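After this come two complexes, each holding chain A, first together with chain B and then together with chain C.
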Partner chain A sequence: MTAPSIIAGRTRSAHMRREAATGWAFATPVTVVLALLFFAPIVLVVIMSGSKWTLLGGNQGLNGVDNFSKVLADPMLLDSVWFTLKYTLLTTVILMPIALGLALLVQEARRWNNILRTAILVPSALGIASASVLFYALYSPQVGPINKVLADLGLMDQDSSLLGTPNGALWATVFLVVWRFAGFYMLLTMVGLQGIPQDVYEAARIDGASRWRTFTQVTLPLLKPTIAMTMIMSITGSLLAFDQFYVLTKGGPNNSTMTVVLLIYRYAFETKRDLGMAAALSVLVLLALVVINAIQLKAMGVSDKEDK
Partner chain B sequence: MKSTPLSKGLFYFLTSCIAITFLAPLVWAVISSVSPAPGTSQTSGFGFGNYVALFEYGRGLPVYLLNSLVISLVAIVVTLVCAATGGYAFARFRFRGKNVLFILVLSVMMVPVAALLIPLIVWMQKIGLQNSLPGVGLVLTLFQLPMGVFMMRNSFASVPAELEEAAKLDGCSALSAFFRVMLPTATPALITVGLFAYLAAWNDFMVALYLLSMDNAPLPLALVNMRQQVMGVIDYGITTAGVVVLTLPALVLFLALQKYYVKGFTSGAVKG
Partner chain C sequence: MKTRSILAAAAALSLALTACGGETPAEDPTEGATNGAEVSPEGIDDGTELTMWTRAPLERQAKNAVEAYNATHENQVILEILPNDDVEGKVGGAIQTDTLPDILAGDVVRIPYWVEQGVFTDITDHISTLDVDNLQQGHIDAGTIDGRMHTLPFVTDISVMVWNKDLYEEAGLDPEQGPTTVGEFLEQAKAVADLGKDGVAGSYLAGQSGGALVFTLFPMMWASGEEPLGAGGTEANVASENAKAIYAAYNELANTSNGLGAGSKEETGATWTAPFQEGNIGVMQYPYTAVTGLFDTVDFEIGVAGIPGVDGNQSTFLGGDALGISRSSENVEQAWNFMSWLMSDEAQQTVFADNDDTASSLSVLENGYADADERTLIANATIKDGRTPVAIYFNEAFNAAGSNWQLLIQDAVWGDGSQVDTLNEEISATLGG
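Presenting the complex of A and B:
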C-alpha cells in the first residue's frame, strides 16, 4: 500500500469511528429509557415470579415454581381465560366488519364524508377508562337512557341494571368497545383501501364486473394485509382488556366477566395480595402474547417484507 | 354512484344515523351534566352545580388536572426527545448494534403494559420514583417509543442528505445540523408523535392505578374513584361533569390536529 492510501484508510476509519460515536450519542436517550423501564422490569418480573413476594411483606426469597403452580391451580384462571377468549372473539367479529363497512362508506373524499369521518373518530379522543365511566352512567337504571329504552322494548326490567347479569355485562362492554374503537379501525382500513391502485378497479369495470364481484374479487384480496393487521391489533388489544371491565363490572357479577389482566390486579391488590403470583401470571400473559402474535403473523401471511 | 334521489336520500339518512350514534353519548354527557336530577348537585333547573361540586371534590379538580398535566408533559417531552434523537441515529448513522437496538425498540410493541406493571411497582420504588407523576409519564413514554422512533426515522430518512452536507460544510456540528436542519423539516412528524403521546398520557388510567396513590391521582383515576366513593348512591351529576372536563381538552386538540393523527396511520407507524 502506498503512503497516501494508508492515510486515506486511517482517516476513513477515524471518520467511521466518529460516526459510530455520534450515532450512539444520539441513540443514548432511547437506550436509557429501554434499559431502565423495559429490560429491568422484564428481568424483575421473572425474578418475582420465582419468589415469595407479598404486597406487604416484600421479597422473602426464591420459592421455585410455587407461584406458577398456585396460579395454575386457581379455578379462577381457567374461567378468566375462557371469558377473555369469548370477549376477544365477540369484539373482533363485530368490530372488523363494522370498521370495513364504515371505511367503504366514507373513503370517497367529499365534504359530507369528512364530517362523517370526524364524527366516527370523535370517540377515539376518549380514554377507555373515561369512556367506560361515561357508559357506566349511560347504563345506570337511575339516570341512563339505555335502561329505559330496553325496558320499553320489554327486554329488561326498568329497575334492574344492565350490568347485573353476566350476558348483559358482556354485551354492554362489547358495545362500549365497538363505539370507542370503530373509528380507529376504520381509519386503519381506509389507509389500506387507499393503497389499492385505481387502475385495478378500472380493469374490473372494463371486464364488466358487478360491484359485489369487484368487492369480493378485487378489494378484499388486496386488502388482506390490512385486515390481518387490524385483526391482530383487535385480538391483542381485547386479550389484554382491563380498564373497561375494571370500571364497568369489576369482573362481576359473580366473577363472570373476569379477564386475565384483571386477575393479575386481583392477585396483587385484592384477593391474594401476592405480587409473586401476580408476577407469575404476568409472565404467562407475556409468553402467551408473544406466541399468539408470532402465530398470527405467520398464519395471516404477513411476511417481514410487508411489515416494513 | 348514488344516482336516484331515493338512494341518495337513503344514504344521507343512514349516514346521519351513524354519525348521531357516535356523537350521542358525549352529547348526552354534556346535557346531563347541566340538567337537574335528584342525588346530584343540580337538583332544580339547568345550571353548573355539578361543575362547582366537581371543582371542590376530593383534593379539588385543579389538583387532579395539574397531575394529569404533569404526566402528559413528561410523556410528551421525553417521547419527543427520545424519538427525535433515536430516529436520527437510526436514519443517518452507521454504528455497531444499530439493527439490534432498532429491533429491541420495536419489540416493546410485543410486550403488554399489563405484564410490566407488577415489577414496575417494585422497580419504581428502587429507583426513587414511587408514587411519582413524572415516573408514570416515563412509563407511558416507553410504550410510545416504537411508533415514535419508527416515524421519526422514516421522516429523517426522507430528508435529502445534501441539506445536511451543506450545513456541515458551513461548519455545523452533527448536533447543530440536527437542531437547525433536521428537526425543522420533521416538524409534522414531531406533532404526530407528540399528539399520540399526549392522548395516551392524558387518558391513561391503568398505569396511574398501579403506580400512584389516590392523593396523587390524575383526573381519570380520580373520576373512576369518584364513582365508587359512595357505594349504592352514585352522584351521576359529578361523574358526567368529570367526563366532560376530562374529554374537552383531548377532544379540542384531537379535532384541531386531526390531520396529524391520520398521518400517524398513513405513515405505517401504527402497528399492533
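Presenting the complex of A and C:
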C-alpha cells in the first residue's frame, strides 16, 4: 500500500530536482551576463562615487560623501537639471502626438503606405551621433542650406549661426530629435494599434459611435500600455540626452544647453577631470530615474497584471 | 624555455652595448633612471621603438621633429596625433589602463595639472645636464613642481598682432605701421570697419573659445603691466583697470557696425583664424604658426607686430606644447635621447628655424633666422617679453567650454560688463582648487 506512493514521491522529487537543474542551466547565462554587464558596473560606479578618483591620478581611496557634496554645491547642477527637464518636456510633448498621428495615418493597408512607413522609419536607422553630425552640417552658416533659407525669409541674419543663441540651439536640437525618433515611436505605436482586436471597432460601429468617439473611447484606452511604454522610453531617453548636444552645441552657447549627462561628461573629462564627482552625479541620476519611472508606471496604471 | 629566454636577453644586452658604443655604463637602465645616479646626458640610442602622442594643431611641427630624429637615429619614434578636444580623455583612459606612450606632449596650459597628477617621470637630473638657460623658460616652468622638473619645450606657438595691409591702405592708414597701443588698435580697427565693405570687419574675437581668448587677450594685459594670474596661479586678476580698458575697446568695436567680424560672439575656436585668412579682417591677434603659412598663399599683404598693451610695450603668449616622459615608460633613457637631441641647436635649427617655425633655443632664435622672413624676426623678438600662465586648474577656469572666463568676456564685450568683478572672483575660486 505505502510502497508505490513512496516511490512515486521519490520519482516526483527527483523529477523536480532535475527540472530545477534544467531551469538553472537555462537561467545561468543570462544571470552571468546581467551580473557582468549590469550589476558590476553599477557597483563600480557606486564605489567610485565614494572615492577620490581623478581622471589622471587614478583611485586614491575612499572619501565618504565628498563627491556628492561637491556636486550638489555646483551652481551648474541646477541649471542643467532645469534645462534637461525643459528639453524632456518639449520633446515628449511634440514627439508623442506626432508618433501617434503618423501611426494612425499609416496603419491601414493603403497603396502608398509601405513606402510612407519606410520613409518615416529610415531616420531611425541612423545613429544619433551620425544624425547630429548631419544636422551640424545642415545648420552650419558656412556650408548649410538652412541659414540661407531662413535668411531669405527674413527670420535671421545670413552670417549668424542657428546654434549661436540659446533658443536657436534648443529648437535646432529638438527638431533633430523629432526627425530622428518620430519613425521609431510610430512603429511602436503601430504595433499597439494592430494589437487592438477588430471586433471592438465593429461593436463600436454597430453602436453608432462617431470616428472621434471611437478614437477617444476605444483606441486610446486600449492603447494605454503602449502609450505608457513610449512615454517612459521618450522621457527616460530625453533625460539622458547626450550625443546630440555633445555634437551640436557642446552645452553652449555659454552653458545654455547643458544637460545633466553632458555635465557628467564634463566632470569626468573636461572641467573637473574627477571621475568620483562624475560617478556621484551618475548615481543621483540613476536614483532619480528609478523614482520617475516608478511614478510614471503607477500614474499610467500599468501593473504586472495588465502585462499578462 | 627558460634558458632560451636568458640567452635571448643576453644577446639583446650585448646588442644594446654595441649599439651605444660602450658610451653608457653597462647597468640596468631603469635602475639608473629611478635613482638618478647614472644619468647619461644623451640617453640611449639602441633601436628601441618609442611611442609618442601629440595633438592635431601642431601636427606639422611634430612630424618634422620625428622624421628628422628617425632618419638619424637607431631609435624610432612612432607618432600618434590626437584630436585637440580628445587629448585629456585619451590620456586619462591610458592612465587608468596603464597604456601611456613613452613620450607625451601636451598643451602647455594643461601641463601643471598633469604634473601635479603624476603623469610624467621626474627628469630633473636629466634636464640639469642641458644648458637650461639657453632654452625658453615657460615650458620648463610649467612642468616644475616643488623644484622637480618634468618637461621641456616641444613646439612654441606664440601670438602676434597681424594686419591686412591692403585693407589698411584702402582705409587710409599707413600699411607699414601696426598698432603700438590698445588705443591705436581700436582706431585702426574702426577705420577698417568704416570702409563699410560687405563682409569686411575691423577685428575678430573668438567669443566662445576660452583658450583663444587667453591666447589673444592675456598678452595685452601683460604688456600693460598686469598679472592676470597671481599667487602662484591660485588667484585671478582679470578685472583690473587695464583689463577693463582692453574690454572697453572690444566693447566699442562690438557696438560699431562691422567692428567685430560676424560670428565673433558665437565663435567656439574651430574657425577663428579663417576670416582673417579670407582677407575679411583688418587687424587681430593670430597664432604665429598659422600666419607663416599665409605669407605665400593669400592674395593680400600681411603685417606682423607684437601684441601691445594699454600704454605701449608688447608681449606674447608662449603657448604650444611641452614634452615629457610618461610615468609608465620603460624606455626612459631612450626617450631622453629623443628629448636631449631635440634641445640641441642643430635640431632646433633644422626642425624649427629652417621651417620658419619658432625655435625654443634662445641662441637659435638669435642667430638661426638669417635667411628668414623679416616678419619672423619681429615675432621672435617678442619672445623675450612673452609669458606662459602657470596654474594647476587653468583648464577648468579658462579653457573649458562655458568657463567663467568665457562668460566674463561675453559680458564685458557683448554685455554691459556688470558681472566682470563677480566672475573674476569665481575664476579665483576655481583656481584655488
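As a working rule, the second predicted complex is superposed on the first by the 273 of 308 C-alpha atoms of A that agree within 3 Å, B and C clash if a C-alpha of one lies under 4 Å from a C-alpha of the other, contacts with A are read in each partner's own complex, and residues count from 1 in each chain.
By our rule, a residue touches a chain if its C-beta (ideal position, glycine included) is under 8 Å from a C-beta of that chain, and two chains touch if they have at least 3 such contacts.
No experiment lies behind these values; they were computed from the predicted model shown.
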May I ask you to decide whether A:Val33 touches chain B, chain C, both, or neither, giving the answer as first, second, both or neither?
first
What is the contact status of A:Pro141 with respect to chain B (first) and chain C (second): first, second, both, or neither?
second
Considering only touches as defined above, state whether A:Asn255 meets chain B (first), chain C (second), both or neither.
second
With both structures superposed, pick whichever of chain B and chain C touches the larger number of chain A residues.
B
Classify the contacts of A:Asp152 with the two partner chains as first (chain B alone), second (chain C alone), both, or neither.
neither
Tell me the contact category for A:Gly164 with respect to chain B and chain C: first, second, both or neither.
second
Thinking of the overlay built on chain A, is A:Asp199 touched by chain B (first), by chain C (second), by both, or by neither?
neither
Quick check on my understanding: which residues of chain A belong to both its chain B contact set and its chain C contact set?
142, 268
The residues of chain B that touch chain A in their complex are 1, 12, 15, 18-19, 21-23, 25-26, 28-29, 32, 37, 39, 78, 81-83, 85-86, 88-90, 92-96, 98, 101, 104-105, 108, 110-112, 114-123, 127, 138-139, 141-142, 145, 149, 174, 178, 199, 202-206, 209-210, 220, 223-224, 227, 234, 236, 239-240, 242-243, 246-247, 250-251, 253-255, 258, 261-262, 265-266, 270-272
Chain C - residues contacting chain A, complex:
88-89, 91-92, 95-96, 113-114, 117-119, 199, 208, 262-263, 265-266, 268, 271, 395-396, 400-403, 406-407, 410
Given the complex with chain B, which residues does chain A contribute to the contact?
16, 19-31, 33-34, 36-38, 40-42, 44-45, 48, 53, 102, 105-106, 108, 112, 115-116, 118-130, 133-138, 140, 142-143, 145, 179, 182-183, 187-188, 191, 194, 229, 232-233, 236, 240, 242-243, 246-247, 261, 264-265, 268, 275, 278-279, 282-283, 285-286, 289-290, 293, 307
Chain A to chain C touching residues, read off their complex:
54-58, 141-142, 157, 159-161, 163-164, 250-255, 258, 266, 268-273
